[in-house]
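What follows is a group of structures, each given as structure tokens.
There are two complexes below, and they share chain A, which is joined by chain B in the first and by chain C in the second.
Up next is the complex of A and B:
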């Protein structure tokens, strides 16, 4: 009985089996727990099982969890490293299973114990008496499977080498620095690093002892056989299988305590996302938790964060934020408040984690007390009568009031187009509420928003035009206004298309900067370019544009970045956007102000250029 | 005869040239404009005693009328190199070479570009001008708005582009406070019923005669000094400037309309000299002004041997301070050059 048990469960497989069991239990537990804790609506998860959603999830899991296509897009070498490890290992398991099936005598032999394909070489050599006599037998004898397994092992080992290289010499990957580790990470990473070399040696020794193996393990085995006497070789087979099993076991147990948890979480996250679950405003929410655990700490966000590049701030990026939240470390002010909330990390994150939301949630949670009457005086100061019906409402916003040339240009443009408009905040503006929201003072922001909303609706206008992309994003996405909201770039584009605005095309060369709030926040990238093409010659050299655009550094999102740090960010961005030193055009009063402080060339808002080129 | 190259023919450059010439050095004075004098030429009258700026310029011009001084106008130094023996070779913009034993940078400053403080509306609203623009008006003998009217109410804003982290300038420009007071008095003298408001953070009346000028402005001329920063300026229908100020003494926001707004623009380092400084490895401070060796004992030498500095290229200075600094630079050069001569004799 005991002997029979040992046949199926040789002792050395125990570490592996225990680890795997632990891993699977964790997976089930975490998945259930996150599902229960979804704040949005737990039942939404059922939608994930609709055929089209399942299909989408499977597709995305293959693309991202196995092939890591998004990482490939970011960085070839890094992509190869992830893919070779994940997909290579996956294939190794698949091939191992097929081969195991064949070795065991084809299909229909029933359920295979999980350790069997993993330690196949061991079992295959020990029990080689049961080789089948089918056609597939041929492929085994020709060594097809052995060859494939060796090839895959080689690919994985190359990925491992890259991983070592990245840890000790991250610049090879064009990355500035790789992420810092916790103890759990170190142990699990150490185990992961050892798994495949251990497997290589175990298989090679086995091959050497029994004369099997393909180009890699076979050759290495021959070498071993040459230098080590057969008796010793046979004796050293077991210890190496032990090492292999133990490293696997440690790895599986370590996963939930390390960043490798992402292997387990990411498929769950993808599934939830495809089921239509939306993030909530609390980080304890199941979806947010799945996001936080899905961060692989690949470091891509650190690499794309301008704070990391232009200043030396490298401790508050999403990778660290997710780590601290996950391990319940109290968040420092620096972690919370330095971030510009520019969102570049979000668009470059291969797991598509919405770290802006996560951080905003933490900021909100910081305010234990709110002032309900912060803006109680507003109704008194806003006594002005509701304007008799206008079509268009223009809202300059605080930032535009600090860059008066923009509002003047807009007045000129709207008059030239003969629009029936009202300048809503001509005599003093009420903030759109965004800065307060960004700092987490939701309750106070709501008061401002209510006052603005009332004013806007009372005007009876059908269209609200803003000059500031920050206001634009807020009015459009947070206010639920019954009227259309456009940014002035879109509005000008419309005026041109409708023939209301006649412009002269000049041969002035200009560079355009996509304001992050406009391009990333509200996806307006075509309108400004069309407008510019109508009046000037656009010379676009920036590679990071559209939703990947750089932040000017002036962002209201950060309350801790110093002026010097902001200027460094702006300078670095300028070198990228405007290397040939043309006039720099932006479409955001904040960008304009920030860049104007450090630019050698003139910085103008798009409206200025338009106003200058109106046909008389 | 030992040779000194002086870059910049403003107050510092002229004073140093005059002093060095008398001490027996051959001086080449390079000036990029077609006249000597620098910024001071643009000024009408000077604090603290309302002396016409021409007097200062003429005084300095007399000093440089010396056989030892060779003046090269309308030229800049495009290249400056150190010879193996430690002396310098400069190439001027007309390709002519100038060799010198030591070089004195008297390259001065740049007035802050008020457009960069866009919220005050310079270059956007017709009647927002700078202190330098007002001096030009004084020179022409009349102060009028862009529409040709005589202003009845004028606002003067202190610290524009100075002590302002947003502009990246943390330092105080030293002379604008007293200039603001001086210009307020001059406005009062020129336009009998004009109301003048000075908006300041604090008033730095450190020099001889400054405090008296400040008292005169308050007591005799009834200039209104308002402590607080201008938060917003916008243009009214008839081209007045509508101001929002927080009066931090009374603790109340204040709104008013003025006919004219004058911005007291501060000093900035002269960026056009940066390539030259960098080519020689001359260090700058974080604010961009040239770094001196020691703030107490060695104010006229840079980190590079043989390169001296005088005047406002190292920090904001008044004219009196600039002249003192130039004298001290001349003396420092004299000391070092004559020491070298003695060394050789040994």
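Up next is the complex of A and C:
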């Protein structure tokens, strides 16, 4: 009886089985817990089971959890490393299971214990229900699978080698910076690094002892057989399977305590997202928790963070934020308040984690007291009479008042186009509320928003034009205004299209910088380029544009970055944006001011250039 | 009593028993750029909130240094955090950082 048990359950499989059991239990527990903690609506998760949503989830899981296509977009070698490990391992499991079925004699032989396919080479040769005289037969029947298994193992091992290389020479993978690791990460990573070499050696020794194996394990086995006497080789089979099993066990147990947790949580997160679950405003929310656990600490956000590249700040990037929240480490002021909130990390994250939202949630949690009536001093709005009502309302915004040339240009343009407009904040701007919101003081921000909203609605205008992308983003996405909101680039484009504005094209070469709030926040990238093409020659040499645009460094998101750090960011950004040193055109008063401080060439707003080239 | 149409100003002496240097010390560690301010008043001149009320960062700066924290507490809430002062400050003081740090100080009290 005991012997029979040992045949099915050799002692060396215990570490693997314990690890796997722990892994599966964690997966079930975490999935249930996150689902229970969804604040949006727990029943929404059921929507994920609708056929089209299931299909979307499966597709995305294949693309991102197995093939890692988004990492390929970052760097081919980095993508290959991840795919060879994840997809290679997945295929190894699939092929291993098919091969195990064949060895057992086809389908209908019942349920296979999970360790059977994993340690198949051992069972096929050493166990008592190995097929004694059929070793050769086994080789013939499964020759193809032996070959495939060896090939997959080789691919995974190449991925492992790249992983070792990356630890010591990350620039090869296009990564100037990678993440610093915790102890749990290091142990689990060590186990992961050993799994496949251990498998290679265990399989090779078994192959060498029994004369099986394909091109990789077979050849290596032959080499072993040449240099090690047969008796020793037979004795060393079991110890090496022990090592393989132990490394697997350590890895599985280590997963929930390390960055490899993303293997479990990423599919759950993708499923939740496709089910339409919306994140709440707290990080204790199930969806946010799934996001935080899905961070694989790959370091792509660190690599793309301008603070990490241009300054010495390398400890507050999303990967560390997610790590500290996950492990309940109190967040420092630096962690909370230094981030520029430019959003580049969100765009490049291979798991599409909304770290900006996560950080905003933490910033909100920074404040325990709220001031309900701190802006009582704002002027009361008088209802405009109907006959005074205008078509277009122009809102310059705080920053535009610091760069008066922009508002003067806009006045000139609107007069030239003969628009019926009103300058809303000619005598004093009420801030749009975004800076307060970004600092976590939502109650205070709401008061400013209410004041502005009242002013805008009372004007009776049908269109709101703003010059500042920060205000634009806020008016458009947070105010729920009953009228249309456009940025002045879109407005000028519209005036040109309607024929209200006649412009002369010059041969001046200009480079255009996409402001983050405009390109990433509101996806306006075409309008400014069309306008520029109508008046100048646009040089598209900028390496980082559109959604991946660089922050000028002036961002209102940070309340801790120093003046010097901001200037360093601006200088570094300029090298990418305007390599050929043309006139730099931007569409944000803050970008204009920040760049003007460090640029060798002229920095102008798009409206200045338009106003200059109006046909008289 | 005769009304002469003028009054005597309130006593402006600072009672050292009622003031506290704690906030100054807090700012020195949390936002060191606070200490390089030369009180030029550019921040107050450009202030968005200052357009509507008598809010002034320069005065807050002075009140903090004097330790008159009771007056700072409500005054600092009037700031809209728009950031014009940060862009204009000739000394490169991170003024928004100063405001948030002061607010955090009172929030944690």
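Please note the rule applied: the second predicted complex is superposed on the first by the 591 of 616 C-alpha atoms of A that agree within 3 Å, B and C clash if a C-alpha of one lies under 4 Å from a C-alpha of the other, contacts with A are read in each partner's own complex, and residues count from 1 in each chain.
The definition used in the following text is that a contact is a pair of C-beta atoms (placed from the backbone, for glycine too) under 8 Å apart; a residue touches a chain by one contact, two chains touch by 3 or more.
Computed from a prediction, not measured in an experiment: that's the story for all the values here.
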Combined model on chain A where chain B meets chain C, clash or fit: clash
Contacts of A:155 with chain B and chain C, given as first, second, both or neither: neither
First, second, both or neither for A:563, with chain B first and chain C second: both
First (chain B), second (chain C), both or neither touched by A:401: both
First, second, both or neither for A:596, with chain B first and chain C second: first
Dominant toucher of chain A (residue count), chain B or chain C: C
First (chain B), second (chain C), both or neither touched by A:444: second
First, second, both or neither for A:103, with chain B first and chain C second: neither
Which superposed partner A:430 touches (first chain B, second chain C, both, neither): second
Superposition clash, chain C versus chain B, among 2-10, 20-28 or 38-46: 38-46
Shared chain A surface residues [contacts with chain B and with chain C]: 401-402, 563-564, 593
Chain C - residues contacting chain A, complex: 30-31, 33, 46, 48-49, 51-53, 55, 77-78, 80-84, 87-89, 92-94, 96-97, 99-100, 103-104, 106-108
Complex contact set, residues of chain A against chain B: 401-405, 408, 563-564, 567, 592-593, 596-598
Partner chain A, residues of chain B touching it in the complex: 116, 118-119, 121, 123-125, 165-168, 232-235
Complex contacts: residues of chain A adjacent to chain C: 333, 337, 366-369, 371, 374-375, 377-379, 398-399, 401-402, 427-431, 435-436, 439, 441, 444, 448, 554, 556, 559-564, 590, 593-594
